[in-house]
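The two complexes that follow have chain A in common; it is paired with chain B in the first and with chain C in the second.
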Partner chain A sequence: MAVPAAFLAPVLLLCGLGPRLAAAHGPTGVECVLFNEEYMTCLWGSRETLTTNYSLYYWYENRSPVVECKRYLWDRGVSIGCHFNQSEIVQFQPFHVLLNASLNGQALEIRSKRMELQDLVKPGAPVNLTIRNMSSNQLQLTWSSPYPKAQCLEHAVKYKSNKDTSWIEHGVKGDIFSFPSVDYEKYYTFYVRSKINSYCGSTQLWSEWSVPVVWGRNTTSLAEEQLQWFWIHTVLVPIASCLLLLVLVVLLVRMERVWVILMPRIPNPSKNFDELFITHNGNFQEWAGVPKDMLESFKPNYSESICYVSELPSRESHDPQWDGSNRPPGGPGAPAGPREHSPYQNNYVGV
Partner chain B sequence: MERMIIFCVLFFCSSMVLTATPQKAMKYKQLVKTIGQLEEVVKDKDVEFLHTPENPVDECLFTAVTCFQNGTLKLQPKNSQVNSKFIKTVNILKRPILKDSGKQCESTCESYEKKSPKEFLKSFSKLMKKVINQSYRKSTI
Partner chain C sequence: MSHAFFRSIFRVLPLLLVLSPVNSSSCTMGNKTAEIRVKYENILSHDIDELVNMSAEYRDRCCKNKKHEHSKVFFCNDTQEIESLQSMACNMLKFFNKQKISKEFRWKAALVSCGTLQVLQCKCERHKKEKVCTQVNTHNNEDRETGEQSKKKCNHEFCELKENISSLRSCWNKFEKIISR
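The block that comes next holds the complex of A and B.
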């Protein structure tokens, strides 16, 4: 009974300590990144995950002897990485890394996997972003890259207008991005980043986003403009028109000449006819000065008696045609009935 | 007059040389693309493994490329449907890629380890990418 117990105790102890050991001394692997092919950093952990100092040894397969890192990176007294110069970097050669540490007399060795450095290149972010305005609402964005081999790069452009909610990303092969239809009312922001293309390596590492470049009318300046317009429209214009109105009213009241131009008197020609209506009592002929004997000649010197005409209902269908000239005066064209004695000696009698 | 003609001819030739080098890069890029296409249609199981040069030195570049081209001829298509694409890509890879620089190479094709067709093609692609990368580096220096 005691033997199994004695056997169990160290096993339990190891089980208890094991995870803690692993957590404390666990560089999960070495991550190396080549920054713009100028230098490389290989990191294996941080101050929180490491409790001991590791030393790094590296070599290129079939090429170089095993060499220790010349420049370590420290974080509060613990080595967390190694810095490689450009002269220490060789691409297209398998790269191996070995981490060594001694803990409580025990040697810990962590061998990293085989690395291809050309697949770990992170180019520098593009610089000198410039926008050119081409004809017909087209914008052209150009940039340059600090990476020496520009033909090995592919780029991605991300942009957004002030009215959009999400970014739009486009892949670009060359150094130019053409933006087809730009709205001059909107305010655009552009970012660019680069990556080694598939012809020079097999990497998924994009560079950092570049410094942004902007285009268009900014809404803050627009607001100021609108404020200006507001002042003009709602304050200045009413005041000016009120003043004008006031000036006009004053002018009208004070200067009758202006009043007369604006409000002319309605002509009343009755003054000319005062004589006719008052002196001659409406007798036009008297006022006009027509001579008396002419007036006399207009008066008729004969008397006419009125001839009454009436219509008799005729029994026969045929009626004699009445001539217009034979029609007796004073009656409409109706067949004549028995007549009174008239000066015209009418012989027609209705049958 | 003669001097002017000679000068013009030299100028013309030099400009041709300048335009020629990017064309090589285009050719190599096309090859990388073609190898990628071949990787999709090649048979990877129950096939013969091929000698795969890994990171050859500069003197052995021509030998390695020739080794790859010879190995390509031993590849087989995945199934009968991809046959036409397979034949097209293999024919592109048969064409001469590099010129013999005449340098002495110590390793032969058989000295390299044998690997599966997919690994073989990946290494081929990696070698072409190295050539492209180095050609751009030369042009920037």
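The block that comes next holds the complex of A and C.
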């Protein structure tokens, strides 16, 4: 008898734990969000976390009967949530949800905690962001919200310039944000988001960030401008310069008049002297047209004998006397003149 | 003969009391929504936030699973928000003398109740409760022992007060949403 009891105990234990184990792989809770008070979704899991299809029942405390969800949300054949229309949403009434499923013949029930739907509102993101230039370097950012009760919203603005590394965030109560001092050399980007304020609810759900608005020197156009300047400086100017140079070279080669201006010829006066050398055979006076009588006047009309003077050697010297066989040392300029007698008859003047 | 006379009188009087209108509001600020909004946003909402934060700091494990049968539940009825706030505020005043709740918490709750009644220019049916407001407004800065509630055990009265505070805040949120553009 003890043996069956030993087997029964773990079986009973497993049976007791079964639903809990099944629930452990099921949804841990229901998360509901009211999107801009237009519709609501309540999600309890995903395809990966759910093992079976759950049914959702809801009711408002002391108000309505229990109603099943009319529009389930599906993920690959598994129900993961419920969609509520605006007419099915009542704020400021405690809201309860019950999930129901059947697994292996056992009923699973998961009750959510009481919810206050006004605390689960997620407003729509702000739209129509507009920047205006005010006086003294001040910018004014305005926007509008798709949420119907603008006075129930608080906002947050985050901005950054192209020189900043991190975003700066400011809380704003109204729908105007004043940026006190702006640098005209910088490029700013602004985002806005909204939340129900504490006067109308108690929620931590912020809307999505809005579409950004920019102000300042547009980096896109600046980049394009810089790219244009780059192309101009780096490509066009060198190419244009090369083309110009090429044209000049071609002109220089083809047009002698231009070549002559740039590379003047070295004057060659030989042509002017062709007549001198060809016609007059190098006779400069003839070519110059010197008159004949002037030429004659340059000719000497007298003859002049050359008188050679030499020094007689002393007797003590052993220098041989000059005789007819010895020729006196004569310079090259010594004119070869005729022999002449001189008072020193012992001297001999020869050629 | 006299017995019959008195019996007839005593039947009529209760009948008159029963038939008298119960839902007549004794609040006089009903139409001045702009003024109510200014006072609520600038003054009262901050006190309510402080009270809610204070309430969240105290132990409330005993409040979560129990449904208190004798607790009075107040609803913020549609189109009767002011009356609902009046009822909630007047009811909250009864906790002022509950010794099981910390003095600081009781005083703050009474301050919010009296503030609600003052903004809406309401009176409570039981005039004794308004003596509390006189006392609270007079001795507003009196030193009270802080952190006292943390030493006190979670109890039914604390849970009921906490529920009242939550209802009061939600009703104010609802009213503000209605009067806001």
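Definition applied: the second predicted complex is superposed on the first by the 196 of 351 C-alpha atoms of A that agree within 3 Å, B and C clash if a C-alpha of one lies under 4 Å from a C-alpha of the other, contacts with A are read in each partner's own complex, and residues count from 1 in each chain.
The criterion applied here is as follows: a contact is a pair of C-beta atoms (placed from the backbone, for glycine too) under 8 Å apart; a residue touches a chain by one contact, two chains touch by 3 or more.
This structure is a prediction, so every number in the text was calculated from the model and none was measured.
Chemist: So if we stack both complexes on chain A, do chain B and chain C clash, or do they fit?
Modeler: clash
Chemist: Quick check for you: in the superposed arrangement, does A:50 touch first (chain B), second (chain C), both or neither?
Modeler: neither
Chemist: Given the touch rule stated above, what does A:139 touch, chain B (first), chain C (second), both, or neither?
Modeler: A:139 sits against neither chain B nor chain C.
Chemist: In the superposed arrangement, does A:151 touch chain B (first), chain C (second), both or neither?
Modeler: Both: A:151 reaches chain B and chain C.
Chemist: Does chain B (first) or chain C (second) touch A:198, or do both, or does neither?
Modeler: both
Chemist: Check chain A for residues that touch chain B in one structure and chain C in the other, and list them.
Modeler: Residues 62, 91-92, 116, 118, 149, 151-152, 198-202, which sit in both footprints.
Chemist: Over in the complex, which chain B residues touch chain A? Could you list them?
Modeler: So the residues of chain B touching chain A come out as 25, 28-29, 32, 36, 54-55, 126, 129-130, 132-133, 136-137, 140.
Chemist: Can you check the complex and tell me which residues of chain A touch chain B?
Modeler: For this pair, the touching residues of chain A are 61-62, 91-94, 116, 118, 148-149, 151-152, 198-202.
Chemist: Inside the complex, what are the residues of chain C that reach chain A?
Modeler: Per the stated touch rule, the residues are 40-41, 45, 49, 52, 73, 75-76, 169-171, 173-174, 176-177, 180-181.
Chemist: Which bits of chain A are touching chain C when the two form their complex?
Modeler: 62, 91-92, 116, 118, 149-152, 198-202
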